[in-house]
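Below: a set of structures, written as structure tokens.
Two complexes are shown next, each including chain A; its partner changes from chain B in the first to chain C in the second.
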Partner chain A sequence: MSIQVNNISKTFGSFAALKNVSLTVNDGELVALLGPSGCGKTTLLRIIAGLEFPDPASGPVLFHTDDVSRQDARRRRVGFVFQHYSLFRHMNIFDNVAFGLRVRPRNVRPNKAEIKHRVESLLNLVQLERHAALYPWQLSGGQRQRVALARALAVEPKILLLDEPFGALDAKVRKELRHWLRRLHDEMAITSVFVTHDQEEALELADRVAVLNTGRIEQVGTPEEVYDHPANPFVFNFLGNVNIFHCRDKEARQQVGLAQAAAATTGEKVAAAYVRPHDIEISRAADSETIPARVVHIAAAGPVAKIQLARLDTREMVHAEITRQKYRQLNLNTGESVYIKLQNPRYFSEDYVI
Partner chain B sequence: MTDGKDSDTMPGITLYSRNAARTTQRNILPGFGLTLGYTLVYLSLIVLIPLAAISLAAVKIEPGQFWAAISDPRVVASYRLSFIAALAAAAINTIFGLLTAWVLVRYRFAGRKLLDAMVDLPFALPTAVAGIALTTMYAPTGWIGRLLAPLGIQIAFAPLGIVVALTFIGLPFVVRTVQPVLEDLGTETEETAASLGASRIQTFTRVIFPELLPSLLTGFALAFARALGEYGSVVFISGNMPMRTEIAPLLIMTKLEQYDYAGATAIAMVMLVLSFLLLLAINLLQRWATRSRQ
Partner chain C sequence: MPTHRAQLKSQEGRWIRPALIAMALLFLALFLLMPLAAVFVEAFRRGIGAYVQTFTDPYAHSAIRLTLLVALMTIPVNLLFGVAAAWAIARFEFRGKGVLLTLIDLPFAVSPVIAGLMFVLLFGLHGLLGPWLLERDIQIIFAVPGIVLATLFVTFPFIARELIPLMQSQGSEEELAALSLGANGWQIFWKVTLPNIKWGLLYGIILCNARAMGEFGAVSVVSGHIRGQTNTMPLHIEILYNEYDFVGAFAMASLLTLLALVTLVVKSVVEWKSNKEHAHTEIGVLQ
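Let's look at the complex of A and B:
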């Protein structure tokens, strides 16, 4: 079932959490709402769930073609997974998962055997079938989150919403659960939206990513689109590390070796070049487009070698990431002078405030 | 205090300390021996020794005399009144205490802080003052009593008046035990239940109430215990009519004034045993209610 929100605004007192936000999530899609804390991503998710209601002037929230704006969470039949699991402490795992089925009106409530069957198959799905009789405090964080997911899925929601589902877990468990959730989503093909502040998580897991900042959606697109073609400096900055090369005047542009910079800068409007660390090329030989720099620090442990350099002309710091193979070839040492070249720079005018 | 060193001076205490050390290895929190020792001494001086003295005095009474003292119809009537009134007051306080705690935690309104502070007033007020004030209000000529009198409802100088007084003095207990639990519970639990399709009533009965039950029971037990021993406020509002509105603590007082120490001790002993059993039962109930917690 698709989700469509139109011109949603939400103010808490004098604070505008969302400003005219519109978003469409297609049927069966997995969409990430990505942004820094306080950007309104959770508020948007809660509005979709019916746990929060937008300002009166806002447009409707549509599920498929139904306007659900006036329905509260109970009627929307949406599965919601909270960041801190929010399991019922006084119920064991089985009862937690069965809750949504047991509170149904008598005429649509499955009988005991059906509930048992359904709960057991869900616990199987989340690989917790042997934990049915335990209480939440007896489980680890990752297990609790899986219970919360099973509980949300028990009511057969048409839409699954997850609020920072992996936020409270440690890095290793987080990655495992991430892959597991993706597989689960592909099997069940249930329209899902999850909130995260972790760009890696959003880019890896989602079909499409909506990047939010200060109550607005900055860009929506596939992970490749938003990463390779960020709409503005904020998106560029938020999706990964970045080096900014200021091109305030012609001289600076030439210094940076950016012939294209002139073309990208309309008239005399000032531009800056944004370059990812892995797009900084390091070489020992100079040419017309290279900038001289000195190696300040090397962190070679891990999948890539992270090199920190200082430009010899402006003394600005530049962060580069090169493959380990390239690192071995160059045989870099701290303190050495080398030349850097900018690949795939993106130009944004500098009056844009991040 | 460390193990062994003080075994000469406080043998009993260090024995505990050693046992604890054996089972829990080294505890990061120091002072187990010191704090436990202090607690035991304190409890003994303040609670256990006086209670033991009652038991001892009760044992000294001849069985025949003891039985005669506790089976006197007037005494039996006072037990019944004391326990029923205390239970009723505690029950009323449980319901309205929950409501009060709910309002104080869940809603923001002008004067909330003031209301919150007022909850503790029954603790601060001398109970005799409370008794006199309540009597003035609820007497057939008082502000409230006058309105109820035509309806045939008498509160002051009737068992109902005792319940009113006991409700007044026990009010803070349930509020103060439930309040922190309710604050801790937050609204997320309710949102979860709502998103799973539970109605408001289902959310309350299946999710919120079970979470609050242990603290409600604690509050109930405290309010009950407090009401059972209350004397000061009740003597004013009850009228103290034998067989009708005479509570057990008052009867003990009366016996003491008549130098009938044996009779007073016997009644006190029965009160002690009955309230101990009741509190034990509430505690077991509470343990059952928290069986799923860590």
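Let's look at the complex of A and C:
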């Protein structure tokens, strides 16, 4: 079932959490709402769920073609996984998962055997079949998250919403659950939206990513689109590390060896070049487009070698990431002078405030 | 130097700690345990026969009956009010929330005698609504309704005050989860809210009950002290005492004292239980 929100605004007192946000989630898609804390992503998710209601002037929330704006969370029948799981603490795992089935009106409520069967198969799905009799406080964070998911799935929702689903877990469990959730999504083909502040999580897991900032959607697109073609400096900055090369005057442009910078600079607006660390090329030989720099620090543990350099001309710091192979070839040492070249620079006018 | 200091500290501790404990115990013994013991000593001064004799008196019977009746009427009303008020205050943001909170505390701030007097001024013969009530032959003051009203006024903060911080600290996420799973308001209350607040609620009921049975000041003003009709246990004790029937007074008092002791025991059990459950959730969060 597709989701469509149109011109949603939400203010809390004098604080505008969302400003005219529109978003479409296609049937069966997994979409990430990505942004820093306070950007409105959770508010948007709760509005989709019906746990929060937008300002009166807002447009409708559509599920498929149905306007659900006036329905509360109970009628919308979406599966919602809360950030802190919100398991019922006085119920064991089985009863937690069975809750959504047991509160159904008598005429549509499955009988005891059916409920038992359904809960057991869900616990199987989340690999907690042996924990049915335990209470939430007896489980680890990752296990609790899976119970919360099973509980949400028990009512067979057409839409699954997850609020920072891996936020409170440690890094390793996080990664495991991430892959597991993706597999689950692909098997069930359920339209899903999840909120996260972790760009790596969003890029790895989602079909499409909506990047939010201060109550607005900055860009929506596939992970490749938003990563390779960021609409603005905020998106560029938020999706990964970045080096900014200012090109305020002609001399600076010459120095950074950016012929295109001149072209991108029109009229009064001056452009700055944004370059990812892995797009900084380090070489021993100079040419017309290189900038001389000194190696300040090397962190070579891990999949890539992280090199910190200081430009010899402006003394500005530059962060570069190169493959270990390249690192061994170059045989870099701290304090050495080398040359850097910018690959795939993106230009944004300087008056844009991040 | 640090070692010297530490030693000094422990030397201080050696006599200060027992001294403080002894002082506290002495104080407790003097002001709490001795009077408590005195109640029972006085009650049994003329033997168990005289003690039992007190309770065969029909006036005593009626006082006990009335006290139980008042408690039975007060608790459900306060239960309803307390849960509703706590729910409203903990779950919703609305104008006048602060005023409501202050009003709930009002009975704590007002002397019970004044509380009783307010009802007399309102419902008494020369009160605001007196003539209107007289015309319709409804008697509130110097009758059971007045006693119930005065007791209600004095006891109504107990349950609400117990629940508000509890519900505020628990938050509404579990209730929202239940809502998103399709539960209606009634189901959310019985299956999610109530189980989470049950110990706090029970504790509030216990305190409310103890106060309802023991209230003297407010009830004294509105009751009229009519034997066999509007005398509650505390009022009956006063009458017996004033008539120099010390054994009777203290025997009656021993009943209320027992009630207090039972209240304390139940309270500790409830606190222990809820702490245990709370500890579990805390551990859960840390994991």
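In the analysis below, the second predicted complex is superposed on the first by the 353 of 354 C-alpha atoms of A that agree within 3 Å, B and C clash if a C-alpha of one lies under 4 Å from a C-alpha of the other, contacts with A are read in each partner's own complex, and residues count from 1 in each chain.
Definition applied: contacts are C-beta pairs under 8 Å (C-beta built on N, C-alpha and C of every residue); 3 or more make two chains touch, one makes a residue touch a chain.
Because the structure is predicted, anything quoted here is derived from the model rather than measured.
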| item | value |
| --- | --- |
| Simultaneous placement of chain C and chain B on chain A, clash or fit | clash |
| Which of chain B and chain C A:140 touches, first, second, both or neither | second |
| Touching partner for A:286 - first (chain B), second (chain C), both, neither | neither |
| Which superposed partner A:189 touches (first chain B, second chain C, both, neither) | neither |
| Touching partner for A:99 - first (chain B), second (chain C), both, neither | both |
| Partner chain(s) touched by A:49 [first = chain B, second = chain C, both, neither] | both |
| Chain B versus chain C as contact partner of A:317, first or second or both or neither | neither |
| Contacts of A:72 with chain B and chain C, given as first, second, both or neither | both |
| Partner chain in contact with A:89 - chain B first, chain C second, else both or neither | both |
| Common interface positions of chain A, toward chain B and toward chain C | 49-51, 72-74, 77-80, 82, 84, 86, 88-90, 99-100, 103-104, 135, 137, 151-152, 154-155 |
| Chain C contact footprint on chain A (complex, rising order) | 49-51, 72-74, 77-80, 82, 84, 86-90, 99-100, 103-104, 135-141, 144, 151-152, 154-155 |
| Residues of chain B touching chain A in the complex | 188-189, 191-199, 202, 206-207, 210-211, 292-294 |
| Chain A-touching residues of chain C, taken from the complex the two chains share | 173-174, 176-184, 187, 191-192, 195-196, 277, 280-281, 283-284, 287 |
| Residues of chain A that touch chain B when the two form their complex | 49-51, 72-74, 77-80, 82, 84, 86, 88-92, 99-100, 103-104, 135, 137, 151-152, 154-155 |
